[in-house]
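Below are two complexes that have chain A in common, paired first with chain B and then with chain C.
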Partner chain A sequence: MTKLRRWLPALLAALPAPALAQGVVVAPHAVFIDHATRAGSITLYNPGEEPVEVSVSFAFGYPTTDSAGNVSVELSDSTPPGEPGAAAWLQAFPRRVTVGQQQRQTIRLLASPPANLPNGEYWARIVVGAKGGKVPVVGVPDSAAITVGLTLEIRTVISVVYRKGQLTTGVTLAPISAGYAHDSVHVRLPLTRTGTAAYLGTARVSVVNSAGDPVGQDERAVAVYHALNPRLTVPVGTLAPGSYTVRVSVSTDRADLPGREALPAPTVEDAVEIIVQ
Partner chain B sequence: MNLKGLVSVLLLGIVPAAAAAQGQSTTTAVTAQVPGGPLTFLNVQDLDFAIVTRGVPKTVVRNTAAAGKVRVAGTANAFVQIRFTLPAQLPNIQAAPGVNMPISFSGTDGGWNRDSDSPTGGTAFDPALGDDGRFGPPPRPYLWVYLGGTVAPSGAQAAGIYQGSIILTITYL
Partner chain C sequence: MRRKRGRILGVLAVAGLLFHVPLMAQGRPLVPAGTQDLGFGTLIPGIPVHVLRSDPVGSGQFTLRGQRNAQVQMQFILPATMAGPLAATLPLIFGATDGGFSAAESIANQAGFDPRAPALGTLSSNGRATIFLGGMATPSPTQPAGAYSATITLTVSYTGL
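Coming up: the complex of A and B.
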């Protein structure tokens, strides 16, 4: 630790020029709170040369898909009826803070759930807003002195999961569909969650030709709170006419999350054949 | 997060050039210090309209040096949702309420690019609708977001300072 304290100034001094612009670091990008501790935290760091005003608030939302398979998270201030929301009983300390230049700030998250909260998983989103401590006025005035200034506030939205009791998760994969267009293979993955907690995993897609040679692959993290039918696009270039197999595997390994936070579940797989004319 | 974790954040999210130049083993070691990884925002450049003349609309194209530019660092290859909250009017902060200058954004004024800072090679989108973006692959897990726009001062636009706010919201998907 002593060595790290000694290195820190040198590390800060070594930051490249762009890092000196207004900005903020938010870590981690997902928070898991257990009913036993009822507390968590996020850490903010301002690498810039100006103070940054930070606000922390909570909302409800989780990933859903539209008819085309686009994934989005729509936030709402209140929890819709029937949904296991946690935003109403989560608090952040402090909610507003000015983080000085090259300073860090810990935001404590405390949960005050109802006394009779049933076992289960409860969801919320943390909204971290950050803007510069002063309003820059950009633009050069013309002869009549008209200037235009635009400030940019950046909001980071990360997930919060509150867990009580023993929870399980899983996912079912309905038959996948796939097609080839615009030098890419487009795959739809109709996923439905099972168990009592959100399914956090990774979907992997590979495309092989009739000889078994891979022609493309891709993967993306998936978070299935109820149901999700995402579209994955695998760039494959121009395919020669013939038959190709699209294989999909969905598992709970998530490189970006601590291993114990993504609840285990069996891997699900499917495959479909596509014909390129 | 302890100091070691903070250093990890710095190495992972803020020092791209240094991180890229270091050995893979070092990068792996510090990555392990921050499960979940940080999100790093850098407002690299404000949307700059420069000289504004009465009666002459002024457009800043998103792939020019005057466009707004933000760099986001996150988990390699992860998808994020990009949303803007945009003003329609910029109030004159030196005049009585109601003195405004219109500002607008076209369907291609938004843009994003993975990995490298190259707005001409990025994906254009309507900033009023937003888009889904994706961080670049290792060792450059970056997402660059660009914004242009148009202000339309009237022929009788009052002198003064016109200010507004733009909100960029990034959500992990």
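Coming up: the complex of A and C.
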């Protein structure tokens, strides 16, 4: 009992600390729904001290890159023609709910796909909006003064993948390019998906000098729905003049996803030499 | 004694089931939270007030917690005006450098971004970051007194899913 008393504060401290303002925890951070069950769920947890109004909606979107290699997830209310969207036939129950302080709420997800849905993977995003009470910004409690209040809404977006049938995935990696600027090595990874499902993996970059010693490395989770050409930046500090090799490997190793959800695929690799003057 | 001990262990087990197991089972969810309001202080008609994102007291501040070293996208929806009494409006202006991102969670060590467009940031090695927001309120010389309000929306997502 004495031991338990000693450990109790530490155990309680290990529980999530309450946030100071709005925002709910949405878990998991990616939902996979199988055609056999056509259902899933997410859990909301309000770690704050005030109730939060939560809304749940669906949109279409997936990561893409711009010409500079910046990744963005652009959301649209409707699915563009030719895209395998699931947002139109996904429903959430409830769609609006107030989550009390330090309370949790399960949101059920139900899919009602068309009867003749072909085998394949279908994509959507869940948008969970959390709105707290009005937040008074510093002002003067005087009817003759101008007082200002801002309401804060925080939206968390997570992916939904609906799978029907046996699916495969993979990527091809076109020749990478790299350059050194501003104490960093910048690498472009032109990735194109193969197979019938999105590729969820991890890109790892390492930079070694001519003696084979590592001078920098980085890794990033990548999601290739069609094609992606991200730019990864590896901080290396000031490099001495000479030759360096930039190595890239992309694999389906994802520590943040259950093993069965990131479909397996062969690892792809490439390397390129850069010269620092 | 045994009953008490069992009760405490039971509470801890339930707490673990409630909070940890379901929420953390598939990696860390991305958890945004507002921690400080964007504050313009006392507004006087005709006197614009610009709050810098580096203002420790006035800047809006949001924390992010999530996967270690994960890249996240953040996007604000910012109001152009605040609604006040008798349909009066009070203009707000957000400039190209009014957003700030700090993986170090330091107001003195933030990278600026345009909060009017989607922006990217990378969480720290312990999965944390802070977003800062500045802006300008521009009451007109004839701005009616009263309470004004508007909504700021911040949307966040991982880019690797």
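Going forward, the second predicted complex is superposed on the first by the 248 of 277 C-alpha atoms of A that agree within 3 Å, B and C clash if a C-alpha of one lies under 4 Å from a C-alpha of the other, contacts with A are read in each partner's own complex, and residues count from 1 in each chain.
Quick note on the criterion: a contact is a pair of C-beta atoms (placed from the backbone, for glycine too) under 8 Å apart; a residue touches a chain by one contact, two chains touch by 3 or more.
Everything numeric in this text was worked out from a predicted model, so none of it was measured.
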### Task
Considering only the touch criterion stated at the top, classify A:P63 as touching first (chain B), second (chain C), both, or neither.
both
### Task
Look at A:L200 in the shared chain and tell me whether it touches chain B only, chain C only, both, or neither; answer first, second, both or neither.
second
### Task
Could you look at A:V185 and tell me whether it touches chain B, chain C, both or neither (first, second, both, neither)?
neither
### Task
Look at A:R104 in the shared chain and tell me whether it touches chain B only, chain C only, both, or neither; answer first, second, both or neither.
both
### Message
Applying the document's definition of touch, where does A:A265 land relative to chain B and chain C: first, second, both, or neither?
### Response
neither
### Task
Once the structures are superposed on A, label A:V71 by its partner contacts, choosing first (chain B), second (chain C), both or neither.
both
### Query
Can you list the residues of chain A that meet both chain B and chain C?
1, 4, 8, 11, 15-16, 19, 21-23, 25-30, 43, 45, 47-48, 63, 70-73, 104, 125, 127, 129, 132, 135-140, 144-159, 219-221, 223, 255-258, 261
### Message
Help me check something: in the complex, which residues belonging to chain A touch chain C?
### Response
1, 4, 8, 11, 15-16, 19-23, 25-30, 43, 45, 47-48, 63, 70-74, 104, 125, 127, 129, 132, 134-140, 143-159, 200, 219-223, 255-258, 261
#### Entry: chain C to chain A touching residues, read off their complex
1, 4-5, 8-9, 12, 15, 18-20, 22-35, 37-45, 58, 62-63, 66-67, 69-71, 73, 82, 84, 90, 118, 120, 137, 139, 143, 145-161
### Summary
Seen from chain A, its contact residues with chain B in the complex are 1, 4-5, 7-8, 11-12, 14-16, 18-19, 21-30, 41, 43, 45, 47-48, 63, 70-73, 75, 104, 106, 125, 127, 129-132, 135-142, 144-159, 219-221, 223, 255-258, 261
### Task
In the complex, go through chain B and note every residue touching chain A.
1-7, 9-11, 13-18, 34-54, 68, 70-71, 74-75, 77-79, 81, 90, 101, 132, 151, 153, 157, 159-173
